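Lettered A, B, C, D, E, F, G and H in written order, each chain numbered from 1.
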Amino acid sequence: LRRGVPEVIFCQGKTLHRIIEIVRHMLVKNSVVMGTRADKNIFEEVKKIAPDAKYYDDARIFLIEREKLPQNKGVIAVVSAGTSDIPVAEEAAVTAEVFGNEVERLYDVGVAGIHRLFMNMDVLHKARVVIVVAGMEGALASVVAGLVDKPVIAVPTSVGYGASFHGLSALLTMLNSCAGGITVVNIDNGFGAGFAAHQINKLGG
Amino acid sequence: LRRGVPEVIFCQGKTLHRIIEIVRHMLVKNSVVMGTRADKNIFEEVKKIAPDAKYYDDARIFLIEREKLPQNKGVIAVVSAGTSDIPVAEEAAVTAEVFGNEVERLYDVGVAGIHRLFMNMDVLHKARVVIVVAGMEGALASVVAGLVDKPVIAVPTSVGYGASFHGLSALLTMLNSCAGGITVVNIDNGFGAGFAAHQINKLGG
Amino acid sequence: LRRGVPEVIFCQGKTLHRIIEIVRHMLVKNSVVMGTRADKNIFEEVKKIAPDAKYYDDARIFLIEREKLPQNKGVIAVVSAGTSDIPVAEEAAVTAEVFGNEVERLYDVGVAGIHRLFMNMDVLHKARVVIVVAGMEGALASVVAGLVDKPVIAVPTSVGYGASFHGLSALLTMLNSCAGGITVVNIDNGFGAGFAAHQINKLGG
Amino acid sequence: LRRGVPEVIFCQGKTLHRIIEIVRHMLVKNSVVMGTRADKNIFEEVKKIAPDAKYYDDARIFLIEREKLPQNKGVIAVVSAGTSDIPVAEEAAVTAEVFGNEVERLYDVGVAGIHRLFMNMDVLHKARVVIVVAGMEGALASVVAGLVDKPVIAVPTSVGYGASFHGLSALLTMLNSCAGGITVVNIDNGFGAGFAAHQINKLGG
Amino acid sequence: LRRGVPEVIFCQGKTLHRIIEIVRHMLVKNSVVMGTRADKNIFEEVKKIAPDAKYYDDARIFLIEREKLPQNKGVIAVVSAGTSDIPVAEEAAVTAEVFGNEVERLYDVGVAGIHRLFMNMDVLHKARVVIVVAGMEGALASVVAGLVDKPVIAVPTSVGYGASFHGLSALLTMLNSCAGGITVVNIDNGFGAGFAAHQINKLGG
Amino acid sequence: LRRGVPEVIFCQGKTLHRIIEIVRHMLVKNSVVMGTRADKNIFEEVKKIAPDAKYYDDARIFLIEREKLPQNKGVIAVVSAGTSDIPVAEEAAVTAEVFGNEVERLYDVGVAGIHRLFMNMDVLHKARVVIVVAGMEGALASVVAGLVDKPVIAVPTSVGYGASFHGLSALLTMLNSCAGGITVVNIDNGFGAGFAAHQINKLGG
Amino acid sequence: LRRGVPEVIFCQGKTLHRIIEIVRHMLVKNSVVMGTRADKNIFEEVKKIAPDAKYYDDARIFLIEREKLPQNKGVIAVVSAGTSDIPVAEEAAVTAEVFGNEVERLYDVGVAGIHRLFMNMDVLHKARVVIVVAGMEGALASVVAGLVDKPVIAVPTSVGYGASFHGLSALLTMLNSCAGGITVVNIDNGFGAGFAAHQINKLGG
Amino acid sequence: LRRGVPEVIFCQGKTLHRIIEIVRHMLVKNSVVMGTRADKNIFEEVKKIAPDAKYYDDARIFLIEREKLPQNKGVIAVVSAGTSDIPVAEEAAVTAEVFGNEVERLYDVGVAGIHRLFMNMDVLHKARVVIVVAGMEGALASVVAGLVDKPVIAVPTSVGYGASFHGLSALLTMLNSCAGGITVVNIDNGFGAGFAAHQINKLGG
């Protein structure tokens, strides 16, 4: 039925035993199975039943890819503010790649060092869709959306402390952005951003 | 400079005097000027300096359109849960239309009467992008995104009372949707949804 | 005094020593003693003083049942959105069973895969009362209540991350449901839902 | 289609014009049409197109009843804490009556004057379902549920000031009640409570 | 200087080393030194420099009492709702005792089993001041204050789960009590309640 | 029955008609009837049925006093931070006076001008109980409680703007005070503070 | 005593009568009296007792200046994001001017049109202290602080709607800024920012 | 490029491996490298590649200082309320020192023992800028700002429990302070306060 489309397991909060059971079940009918929020232990266990599984450390994703999915043409840019945002940014980037998109990464260009963003405007110009990943004050999404005229998907992260309230601050910032064209996903939801960006990019052929 | 692109004024919280001043200023260089959150009084005043201005009651938008903007090909569907959500839905729909998109409306199909949604699946199938507008529990966005495989932009509205907390309930529902591909804009931000949908639709040629 | 009615201990936050003391005390006058939020350790200790105790893994409930309680006639349906909601759903289901009700389970039918719900409408039709268990956006409760004309008890769960705020999102969704007849219990309160469903079902004879 | 079942309009936030339009539309196929959160102005307008309409002042409900609905047998008790909670209590009571239930009212028995509750225990004993309406600290619901062994539907009201946060305090109290069998509806949602109580009472034949 | 008055250390969040240092320093000039939120480890260490130190398990208090403080005449009642509230209730009770007051305890009389409260009204009648300790919905404070005409100090506890939000629910309930004469302290602040009750009781001679 | 004790009506949110009805009813059996949160209109209406009624402008209290209540001996000090806190402070002060206590007022001594407090320490020294009324940051309660060794009742007010969140800021400050002996009432609850202070003062004979 | 220093009245929430009384009282000993949050009515009344009073419309400030205060040397820059932020920005700017500072204004340079900020960097370079005023997402403060190496005082405004929560969004953004050197004042507190900037600027001689 | 200016790493949430990598990278071009939120383990690892690294226990800061930075002239006072606030106070103090400022510490002078503050007023008088660090109710910042006429930077800490909500209470107190001239940084952000104080002090020459 679902052949040719990745099947995705959200591993967080599931027991190792249940995850393996689901993977086994999915592999019967699906050629691409991917697990998010999967730590190394989970991957080791998955490898026992699927020795061709791969693991993306930073993204915390395991992937069993037994068929190459159709590739979209455009580029998705994934931009992140700080080094601590990388796990979420990578979740978005790897998701987009697995779904068949070319991804360009531009990391650690937060507003405290905004010159780095300006020196890399070509990445933004090349892209059809931009994913912006930022924690703490999350201002980067507004800045990026103010510079480009294309869909911007903002991902608030739980990076920060004190009044960041586990990502609430970045979430509110992004929802209230005065720069048009921004849409927002849940805190730390790199997968959702990657998936939505794929759906948008697919439209462009 | 900006010719051929609508210039937008967010009227809420601005004095009548300032709005007129901005409109006058914009009309010098722009062929399309649009005002959101504009009540009838504002429109009457705008008409004095721009007799060709039009007014969209439900959307609370005035429009001065002295040149037709380039038209995109695809359709944007605007789906709403209840009749009280119509002002926000219309803000999204009219914005998308002014920016050059064909829009199909499907209103009053909230989950309490979900059969109406199922009887109108063709509207969802025809669209390239779907905007879902819902207040109170906001569950409609999840249901729609579970039915289609295309970008869904969710707009929570402040419709409701008590524990809806002026739209917070719908906002959280939409951010937490388990149905992939949903992205979210601010509470009542029909304009933002219409604009983002336009940027996405434009990608499709 | 209380013979023939289950006596219930909420184990979370109580020391092993105190729990055993309470169980011992209750067994003097009660024929059915049940412990909720009880991990395996607690059960092992309970078995030492009550070797006929049983343990429900998923529900995290131990049960000492020395007399069969009177049985109600109708069926209570327990419906859950995702696999991570199963512990709470089972707490509700086992509670209802222990109190003397027949229970039908329908799990993993969340709005992202809503077709599974539609394919199992008979479970809803058979029931006198429906318990809906869902985390994240909690939209399932609205969908179910929109489909049936009977009491629906909604149980928000703390399943989710980010803006789910430990169940707050699902709780608000359920409280704001536009589908009539829904009432709500505390986040993760499977016991409360099972107990209320029992009281309602009992009315039907 | 829907003949013999009341059709309900939530009037709050709708224009007079739209309400009349909906009423007119509903009267074609329905013999009972009811409007909640309707002020006197709305009623006056409704009477112009339906001279047989009645108005319940305290409940803020208008009713056009052209056929008597089937009557349930049991009694629903509506209990309220203070005089300021009466509008919500009446919304619940009138709703239950319109849907075909006998209602007994017990008002102004809040925990500050708890003796009044104890002097009227017969009302609770007679009922099959109890609706408890309370604002401020909302403690009455717990007290009632501790006294009876039947379904209790708790309605928090927005009555109060300061840290009552427009009903949040009463809502949380009711959700956290340690007295089993309580389920809760949205703040000020008398209609929802009356409707759910009707569905429960109907089960008893 | 401060001789004859207990000196108090709030141990939570302080290192063992710093606590011992403070105790040593205090013992130079004070005859009564007391530590709250002190686990057994801390007590063991304190005993090394003050072998006459005593430990109150439930209250998590250590006490070095080298002189008997002046005794007040009246009785302070400490009433608690559930067994899980006992640590906070004991913190209040032991504090009041150490400061020189006679205390009567009445535990596990929460509103779910309100008859136990009514059967022990003499404890309330005997007291000059009543401390009420309750978590979850915190309704007990209102009930008690409705029954007596004397100062009632309410202590919300963090006991509960879900929408109890770590004591917020009980706190709001108590602040919004319609029963006159209640004043409230911080969540879990048994010490503060015991101290305030002492200051009030002292007034009575 | 209740002769010799003031009967109190909380007027806010009640209709003029209902208030008059309650007053008339109360006057049958009570010699002292008092209304809080009563604007001038209410007073004018009350005077029509009770020409001996008095009105306290700042306190927004009307009083019908047909018998002098027994007088307590001690003094209650009412201290307030700013001039905008005076209505709440006066509600506390007048309540305490009506209940039979001597009150000393010390207003406008907030921490921004803390020297004024120090120059009036005699007011604090004379009192048996101190009520501290403060909005915005509410720091005054901590400062006062740090200076005196007697019961301090803190009343947060809704005075402020922005992050004062309608009194939440002052409420949290007061609940978290490190100065022992503070207890707190609801935001703007001058009546509650005056009543509790009376109950405490009464203990002193 | 206080001669040569402006005396300031916060007019919001005070009666006209009380304000005039305070002004009259202050004019006895002070040569500069200033009122913030003062509408035109208040000014008209003030002019009756002080005909030399001036009014700043946008800043909502009235000023009676009978002596020129000592002037600081440096420049304070006041930067604002949108036109709706101007009242707060002007409150800050006028306050700083009245206290004796030269002010440069740079308005409407929010991140949606960030090029306007870059074209006016000289204003930032000239200043000793920068005040940044922004509502909605408040990202401007981070951008400015990332560009300059001097004290930046951020003022969140209540401008916005929906999830801006009356300024909370901008406040959190500013508190969580990763750009060093930012300090924050209360929502809409232009006066506080102007005063703090003056104290800082004074340090530079 | 950045020679002569400290480069700062925020270690919290970074892996040991990444921190070492950043340090190594920074040491190529910078003579002063400092790490905040660094536990002892991190320091031990840093010492392996930079044996001249120093560690400040209380401040949780490591420092590699291969060149003395230019020294400012004035004094920065760091004042703290309780002993539990010392880690944050030390983060502020050490930061200010590393950036080239003389610091005077005045610890444990919270409002509960306000006389200790008054006995050490000289520390406040000597300083050009004052940093006030306080948790729980955070009232100390207001008191200090009411006593001095110079910039006060307030640092709320997460010290406290219950309704302190991890520093929210102190944060709100400080933002709402009625004492002019206070600006605020994020909860526990000692680094930000030290850095801002340095920027202000530098202005004084």
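Definition applied: contacts are C-beta pairs under 8 Å (C-beta built on N, C-alpha and C of every residue); 3 or more make two chains touch, one makes a residue touch a chain.
Note that the structure is a prediction, hence the values are computed from the model and not measured.
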{"item": "Co-neighbours of subunit G and subunit C - touch as defined", "value": "A, B"}
{"item": "Pair with more cross-chain C-beta pairs in contact, given D-E and A-H", "value": "D-E"}
{"item": "Where subunit C and subunit H are represented by their mean Cα positions, the distance between them in whole Å", "value": "50"}
{"item": "Geometric centre distance via CA averages, subunit H-subunit G, whole Å", "value": "27"}
{"item": "Contacts with 2+ other chains: residues of subunit G", "value": "162-164, 168, 171, 175-176, 180, 186-187"}
{"item": "Contact pairs between chains, per stated definition", "value": "A-B, A-C, A-G, A-H, B-C, B-D, B-G, C-D, C-E, D-E, D-F, E-F, E-H, F-G, F-H, G-H"}
{"item": "Subunit A to subunit C touching residues, read off their complex", "value": "12-14, 18, 156, 158, 166-168, 171, 186-189"}
{"item": "Residues on subunit G engaged by subunit H in the complex (per definition of touch)", "value": "8, 74, 128-129, 149-151, 153, 171, 175-176, 180-187, 191-193, 195-196, 199-201, 203-205"}
{"item": "Subunit D residues touching subunit E - in the complex, by the definition given at the top", "value": "81-82, 110-114, 136-139, 142-143, 145-147, 160, 162-165, 168-170, 172-180"}
{"item": "Subunit D-touching residues of subunit B, taken from the complex the two chains share", "value": "83-84, 159, 161-164"}
